[in-house]
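See the structures that follow.
Two complexes come next, and they have one chain in common, chain A, joined by chain B in the first and chain C in the second.
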Partner chain A sequence: MTLQARYADVPVETKQRLFDEVKADLRFRDTLYGCYECGICVAACPSARFYDFSPRKIAQAAAREDLGIFYEQLNDDIWNCSQCFSCLRCPRGNNPGGLITIMREVAINNGLASARQALEGYGRVVYKIMSTGTQVSPDMLQPNAFPDWGPHVAEISENLLLWRRALPPETLHTTSTAWEVTDRTLTELYLIWHMTGVMDMIKEVDAGLHMILVDVMEELLEDAGYAAD
Partner chain B sequence: MPETVLIVGGGPAGLEAARAVADLGGRVVLVERREVLGGTPDEANYAALTPHLGSAQEALDRLRAGVGRPEVEVLLGSTVTACRGSVGDFTVTVSGPDGAGREVGAGAVVVATGFTHFDPGRETQMYGYYEFPDVITLPDAEKMLKEHRFVRPSTGEPPRSVAFIQCVGSRDRRIGNEYCSKVCCGVASKEAIEIRRLLPDCKVYIFYIDMRMYGYWENQIYWPAQEQYNVNYIRGIVTEIVGKGDRLLMKGEDTTMGRPLEVLMDVIVLSVGMEPSRGTREIAGILGLEQNRYGFIAAPGEPMDPISTSVPGIYVAGAAAGPRDLEDTMGTAGAAAARALGVIRSARPAAATAGA
Partner chain C sequence: MPIPLNVLEARQLARHVQGPQTPPTEDIREKVFELEAKGEWIVQRVPEPWLPVTTKYGRIKKIPVGHTWHHKSCGQCGHIPGYSTSIFWLHRALGLDYDDPRDQTSCTAWNYYASATSNVGAQAAVAMRNFGAAYESGYFPQIHCGTSYGHYKEVREQLVAHADLRDEVRRICDRLGRPFVMPEEIVHYSEWVYAMRDEFARRRVLDLSNIDVTVHPACHYHKLVVEDAIYDPDVYGGQRTAVVSAVVTALGANLKDYSTWYDCCGFGFRHILVQRDFTRSFATLRKIEVMREEADPDVVLTHDTGCVTTLDQSQFAARAHDRKVGVPVMSESQFAALAMGAHPYRVCQLHWHNTDYRPLLEKMGIDWRERWREFEDDLERLKSGEKQFLTWEDADA
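Let's look at the complex of A and B:
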């Protein structure tokens, strides 16, 4: 459609197939109606302030079924979204963030190189959540545990208790509260990740990580009577 | 000639004004240049009306039926050639089909001479309208849609891609028409919906500067066109159209995407705007009515009085006064009828007093 299209060498059939996959998603019709290009989603978008990123253009390209721009966005733009859903204030009822959720899943499921690259930095986080069922909690932030996180970790760890008391809501997210995950919950989580295709997604973007996770999950799943794969 | 209103023009505005005068107890002489009533919607083959896609012909038939009564005398194939007198006592010369003149006495006059579609080849050969058979106008498209078909005029085959270009002949200082023609956004969107219904595999684009979908047209036409019929709205004026093979290469900028754009189309529809009709320009001179800089009949009392012209006792209805949709046309027609009869009735007691 437009002149300065990137990925001109990718066959249009590939772009069409990926677009059709996005459009076939059950959530699609609730994320996109029509766009009159007002820009309210861009104005509300935190990512748009820091990157060359526009949720409006994501919605526009999908509404127009512009395969060239869609494919560019699928590779180069969707990972700039922070999935905060500030864009939900759209007066037409669109949900560009939700559209991006679908696009990300399609990018991962199809093993797009850009998706692998975008997720490379998150291997440790993914490993932590998927193997233990829980995340790093703020009171774990000690300089010796995170030497690569820079000098701020020391400052944070020294003042953490005071700072957390200054937060308006009560938070349970500490090592001593609501942090440990029981074996039964963990088994259920492992099953969910296997049965809903999350493990397949991980396999597409990071085969090594997938292998380690399968290994970690094996024992609990077998104890519960399930084959690890 | 008591309570006679002379109405010039037998389109929607003239027909509605005539019906309203008769309903209010007055008499009408309705002068129409063509041999049939119905005006531009009839002459230009309007098929489905914006926004509800109701039948234009049925609507015109209802309007025609409204003047089929003894209080309304219809003079077809006739034009007004002269006028003398003043409010309450005009004498209007009407030239009939045989060329014979006839004098009609009227207490007031309603001008309903309407608009004409902008001719995209008139001065600038815009977009190659007279060069490429597949470059057509809204009324050209309407004519095909009236026959429930939409094809490439060059081949007779259904198109795979169709683009509408908005604001052709409107909002253009170079052409001299700075005004918005008001209806083209709605009409183009309506035709786009009809094309998508007829040809589900055909991509339809609308290139616009601003979409102006007043009031309920937003939800009746614009949103459904986008959401149900996947009509693509792209903001940007098309710069030029060149022939490429047997298709049309259209160049412009996709301004909201921030990219230059070159795309092949099978049919390009020019959304031509409104200009004063020949009848509107001529009647202004004959009746001595002030015109605005675009040639439409001036209504100096706007916005509170969009009916009165610069001459007392002469009123304007419909698109003779400028771009108007059918709702405005019907509204001003009824208002003009009431004002015309009102001025005659208020003038009579004064005349009687003066005579006594």
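Let's look at the complex of A and C:
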């Protein structure tokens, strides 16, 4: 079965609607200026070396508005991209990596099963960044999370509290955030997530995570006089 | 293939001809000032004194010497804290005034590039909230993370290009009670290290003439919004960014080339967290092994959070497969600090790094056993309650 045949039962209207959402993004027009099919982006692309993945195909499918290939890529390809932007070497000024960023957002906004799957195991990171304003924290260095990094991770986690106190900058004596963040700063961040629709996005893709985040943010937002839903 | 000498000489001669009068693309900073003139936002000026550096197409960029607001990196502060500590230590070594704020979030772009659980408006609002906080502090932003730097430059382009996005984010900043401010320049810490490299060289206390160094240029530094990165005809003929490489040379170490310098490290944003088979393979097969094969360096220096983490941590598993790995990894800020006599544990915090760095320290003439013993004494004092935290005074003792 060809890949496109796999999605043959998805109505063309659905594919068109999703493509239109990508095209409506304000960044879209800056990501595509036609394509020479030269493959320079592929030669520079780390993900193309490792996966069956091609930024050239991403650019071409979007430029030709090929809904079948676009939908296949939306489900099977975009999460392989490393977002390194090596493909900005494109002689036409295309930005396949940027196009993929937009496609990922559309996949998340629409709660595609493939997007949910791609985020499996990633929820704790989304939780960390949205609730603390810092994406990784010292206490995430646990041996069971990074077994391939060897016994060094266990050494860090065993000594974590002590080693953090042995850091001269006063802002770094933290373990659950990368640095000390004030409550006012956090309140403002929570307001941003609410006011820009990011909370709705999370609800679409992970209702459980959304509930936990609302709970965590409630107190600071209430203090700030913001009525979260 | 090496660049022919006559080509290099021609480029060096043309250094002053090519810009800033004749830049090949439009300068976003002019638009930033136009928007200020229209009353759309405040432009935070680079404080005096600043140093002029040359960007890719010859334009001059202003790098503030001091009075900077340190936009920290979550990956650096969280997992390789000697990176940030060394940046601060370098400022202190030069007696420069800086602000290490608590009123700062990360740029949140690591998550954005990994999971797309955000959007243009939110990302721009996070950036402008942080810029507003910097402006209110009176200090000018110096950005520690390569991804924050690249992402904020993308945000600047989007805000300049789209009035409706500006309106949305201005409304949010108003709601937060923050001023709507765009800095005159978006400055990465490695640009500051590059600009200050001769000052560091003057304060160098170690002989590095037998240290071979390879450099990994960070993707989000030189690939995102390319025209804003620093290039210099004296460094690889201006064919790749000069930051880090020029610092290696200024400190008297040997800069070694390798063929896959343009390749990314394999970080992948989501991959490093949930798909590390890709990260490990790419970091070791396309970067570390190639470097060892072609340049056999004593150390790899880079200038971004993800690159240090990826290149350093990926080597452990590769060793089990008998791959040719085993090259220590650190930032150029840590390397420069070591060269200037900083403590490898109190300041550079090398015990947070994975790949064995001790042979490098020995070759640099640093007695790591003695330094570790001193650090263990510090830890004992912390444990016994004699001290609560290690301080800057302790670090420089």
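Before moving on, here are some points about what is shown:
The rule is simple: the second predicted complex is superposed on the first by the 184 of 229 C-alpha atoms of A that agree within 3 Å, B and C clash if a C-alpha of one lies under 4 Å from a C-alpha of the other, contacts with A are read in each partner's own complex, and residues count from 1 in each chain.
We adopt the following convention: a residue touches a chain if its C-beta (ideal position, glycine included) is under 8 Å from a C-beta of that chain, and two chains touch if they have at least 3 such contacts.
Quick caveat: nothing in here was measured; it's all calculated off a predicted structure.
Contacts of A:149 after superposition: chain C is touched, whereas chain B is not reached. Of the two partner chains placed by superposition, A:131 touches none, neither chain B nor chain C. In the superposition on chain A, contact of A:110 is made with neither chain B nor chain C. When both complexes are overlaid on chain A, the residue A:16 reaches neither chain B nor chain C. In the superposed model, A:69 lies in contact with chain B only, and not with chain C.
Once the two complexes are overlaid on the shared chain, A:57 sits against chain B while remaining clear of chain C.
Counted by residues of chain A touched, the larger count belongs to C, out of chain B and chain C. Residues common to the contacts of chain A with chain B and with chain C across the two structures: none. Interface residues of chain A, counted against chain C in their complex, comprise 25-27, 30, 44, 46-47, 49-51, 79, 82-86, 88-89, 101, 104-105, 107-108, 118-122, 125-126, 129, 133-138, 140-141, 146, 148-150, 152, 156, 162-173, 178-182, 184-186, 188-189, 191-193, 195-198, 201-202, 205.
Within the complex formed with chain A, the residues of chain C that make contact are 72-79, 81, 84-85, 88-89, 100-106, 108, 110-122, 125-126, 129, 133, 150, 158, 161-162, 164-165, 168, 172, 175-176, 178, 219-220, 223-224, 226, 262-264, 266-271, 273-274, 276, 278, 280-282, 286, 313, 316-317, 346-347, 349, 351-352, 354, 375, 378-379, 382-383, 388-392, 394-395. Residue ranges of chain B in contact with chain A, taken from their complex: 211, 222-223, 226-227, 230, 232-235, 254, 256-257, 259-263.
Against chain B, the residues of chain A that register as touching in their complex are 1-4, 33-37, 56-57, 60-61, 63-65, 69, 92.
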